[in-house]
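One structure coming up, written as structure tokens, with questions to follow.
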């Protein structure tokens, strides 16, 4: 697997927080997913790979037995990484064989599609989790060694794109290229709004910091202000100031902050506070979807292998690079109906205390993203490549 | 103050959780509110009451100085309850004088209205907090002593009321009888739905418990299931089983559960799990508002002085008694604009990780409630009189 | 009770930490002690006082039923303070009657003595706990109102008193005036040592602070240094610096630190670090006992009603005012045998992770103290009047 | 290094608790010790090994720069295990060269001796920590694979060995084969006591469990009983009951408990409670030292490569196999004086809240142990091979 090529065996093991997983776990879990949901139920000839027939790699599917506590994933040294690679080969071969010879029906096809999408989600997690895990090492190890890290161009001027009131539709009914949380397509009354042509940049965010943004309670939601004080937040995750200059930890190690790229690794609370400071607000997820419907993203995605955002250009293609916090809590769409069984656990059970993000990041496979895609995180988390785009009520000039 | 008449001086002091406050604090804080926001800025003749000129009774208004940490409110024995009563009289007299003699304008009128609404909210909190504080005492002291506690009638049969798709409006523009979070009135596309004629009863909820509702992870949101396990929830707050019979702590002490009244003291997670178990869902706040628009509540409110729910009868007047969890996270309405200054801290800054409740409870003053009223709590909290009403997609028979 | 005279009803309720108790609890618990261990087992005519027949006031006697969790003592508003006073009168009368009429034997006499000693210990706790509870109030309320708070004299010059090697005895066999932890008198080989003529003063301790004592890890035990960093200790408990001057919270409210009195409210870790900084060490409890054997304390005790230390004068009577940390962990003496039953829980079960203190403080009744008396606290606690006296190996000039 | 031969690269990384360290860390830290305390100060020709010149492997020497937080040791994937091995070779070669060519004096000789003793201590820790780290894996991986695990013989009958009162000496003045905490040899008055001929066995301990030892608060120290309830202890660490049979996790994986070997992996609180249940007590460290003075241990040590206790035989050689908890808190001996500088941090700063253990375990190198050796752990810890031996006051038959 290309993504794991730069990793030493030791790198596969580390887990710096219950929310992140070791690389070895990601490899085993995505393999388990295909085995558990396709091979075991549908392939009569499938023989389990013994070292992995133990439920250790079930993430959170309560229907599939009691999940192993996620905070202990980094303590499982055996089976080893090599064992895990063998397990992957075993399951890959079985899948190939099954795809050729096995029975086939719509249910399996949908599971297959879900398995591939799931694999892509864990590719992204492998990047974001590795970044977080590496960041705990005071030696600032680089995942991408010996690569240059220069500014990738200028920021385009921020423009406002305005939309009038409209009774429109949101979501999709496309079964095979959407998750259940994107469905169904449904009528939605959208109020006039304006949205920025590009995300907020590091340069702009530094202005917020230097204007005392982290010291002014009036800019913050109450819970956000509580966290700022309790955890002594003074800048985005991974940032530190040395000799008056801002540095951040990147997949290339510790680097001076590039000013023109989109801000990343901020919480919902920081995004919301920045927007208030800027006299604007975050867009709702419906506004976002409406504005970017049909546009193909020209941002930086996983395929670039840079794992770092770059300056974004022309609207409405200017998304990707960073997930964009919306002001929409993660809730079911009207008429939404999660699937029965384990697949019903995929999305629906996380619909509390999470905010929707849109757009995809430099760690997201490009083929994984679409304008109806709903990502979601707790508002206080920062280890994703999460940034923001401004919006306003009504029609701005 | 009538509500505090049954309290001994000792009762005024207790604070069993950072989320609840001692009765003495409620008295001082509501007084401080009038003094801080009306008398001090607008009444040139006002003289401060010295023992209380210290900022100890600012709840969370960061614009008004650093609030005293709420978890320590129960540790402030001085000024005493009697001092606090004197402080109230001092401010009441000053307010009376100011209302007669003082300048008057729309801004002051609105602050006055907010002060009164705020007073009502703290009357409700005084009831719910006292119940929680008393519940920590294993002797189960009764706030209402020597009062009978008998079932108040039968439950009406549950019926479904159905509504077709409609582009309607939600919220209000009424400035003086609404909070900023209810504004503005705005267009909203509502999808066909059905709503139950009355809330879920204790009898129905006991069936959920006895059917293993608290042991089945498939019924629960992921965070809810985490809390069920961590805190070993097996029933609503205040409930315990003795000799096969369910008892609950009430304002009359420990009593056998009355079957026909609405279930209360459940979290959002429990409400959501119950609805899933029942093959239904919670209503959105818009559905709720639409269904009850214009109806006058005939439920039990604070004025009844019973501080306990009773069976509810005819739809659409059958609300009150218990706050009803909706599936809507607490978010700003389109076009909403919080006031400038301290009043802007009243509602808007709590818009994260909270769910909307509608309807009012037996601890809410009846004159305080209206169909557009948006209450909000974190989904895991249970010390409010919080219950649920079922809803379904589309038109149910 | 004289000690509670300055307290308002509200003051009786507050509990700022699980380690301290509300005044009301102390009153009820000491009453319960006589009732539980004398009246109920030995007085056939005794009739329980109904409101208190509930086990709520058992502190930690596992033999007497499951103790009520101590962190919740401040949440019990009922029975009220007045009820508690009535309970005390009830038990006092019963005790008086029992002492006149009841059976009498050595066992009862010993329990009676223990009950009185226990009462004295809680008099001390009532003072130290009230001080801590009041200290949480930012208004700095004074327990002793309107009293002057002036320096009480000069510090005597520190002298060293030296003792040669000796095979001596430690402890006592006096049954009625000792606790089981002081017994038996046993042979002990004492190595030559020197001990200071008086405790360390505030003035001396300030020198330690200003010399960077709280910033130098080499002065501290490992656990102590951990706490200094974690809790950001920079001075004794209750101390704060305002405008370059040290103040401390006292039973007279917030006052400027008096330089010549013994330092108080420091942990074992601070005492130990100070001693190391001073090129000395803490005495062992055997050294302390040997040096003060037979001397009558002329320090300040509870009876002074000042509840604050004063400068100490002539050795060897110069003890009292502050408990003196020794370097001896709290362990059983050779041949020690705790009593059977509940009285065996009085001392023995606390023999882990505690250090011995000697001498008595300004909150200790003078008749309660003696040179063999062993007090004990966890090394990190500071809410007692705890200070230190220096010692050294061998014979110092 | 022989001890690490059975470990996969992944095994070197895991750290299941802040108190235990990953194997890779032990290798780097012991190497750092020689480099930091001998090569860097005394060898002018020494060239640092660049990847390790970062202070990451300082354990707790505050004199040597701020130690890296120990709870994060398992998150350092780079430098890798192979890098660490290279670092060891680099330092070993430099040490060899220095021993031949370098200057030599008593100070260096003593540091050299300390370095070797330190290496031995970390050999023991590598075993105990690996056992704990492996135990978190529900697959129960075996460090010793494919080895039989059979009972190693019978238990000898328990006999009491009695000693009369004596003024004796304890400790040692031997500079090169003792730690500073064993010094000086000093007079000590020992009271008559009796000590058991061998440690308590698993069979005996099971009787304690089955007699309700873990349910009876009267057997426990107060803090111990708190932990029993809070952590729901029902048996020693690593024990579990399956189908009525006791199993434990061992270096050979999960095995049925062997009855005749000494009990291991119990806390001080469990040892103390067992002794009370058995009508005895734990010995003091002086009693232990006196009884075993001059005896050569015939127990099982690290060199056996079994890493598991075996039944012990003839007194007074019957020690080793398990560390034996004494009732002595860890304190300085009279006249003890820790060395200046970093070596003074080796032992002295841990003298609070720890109990002394004596005797050595199956993970201790035999050449490391002696009858004056003082080991110490916090009373609640269980991951060491810690057991107990009974003692009694006076002369038992």
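So that you can tell them apart, the chains are marked A, B, C and D in the order they are listed, and the count of residues begins at 1 in each.
In the analysis below, a residue touches a chain if its C-beta (ideal position, glycine included) is under 8 Å from a C-beta of that chain, and two chains touch if they have at least 3 such contacts.
For clarity, every value in this text was computed on a predicted model and none was experimentally measured.
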Chain D and chain C - chains in contact with each: none
Equivalent interface positions on chain A and chain B, same or different at half: same
Selected pair, out of B-C, A-D or A-B, that shares over half of its residue contact pairs with C-D: A-B
Whole-Å separation of chain centres (CA-atom averages), chain A against chain D: 46
Mean-CA-position distance for chain B and chain A (Å): 36
Averaged-CA centre spacing for the pair chain D and chain B, given as whole angstrom: 57
Residues within chain D bordering two or more other chains: none
Chain C residues touching chain B - in the complex, by the definition given at the top: 8-16, 24, 54, 56, 68, 72, 74-78, 80-81, 133-134, 136-139, 141
Residue ranges of chain D in contact with chain C within the complex: 60, 62-63, 165, 167, 186-189, 191, 217-218, 220-225, 268-269, 284, 327-329, 331-332, 334-335, 337, 345, 349-353, 355, 379, 393-394
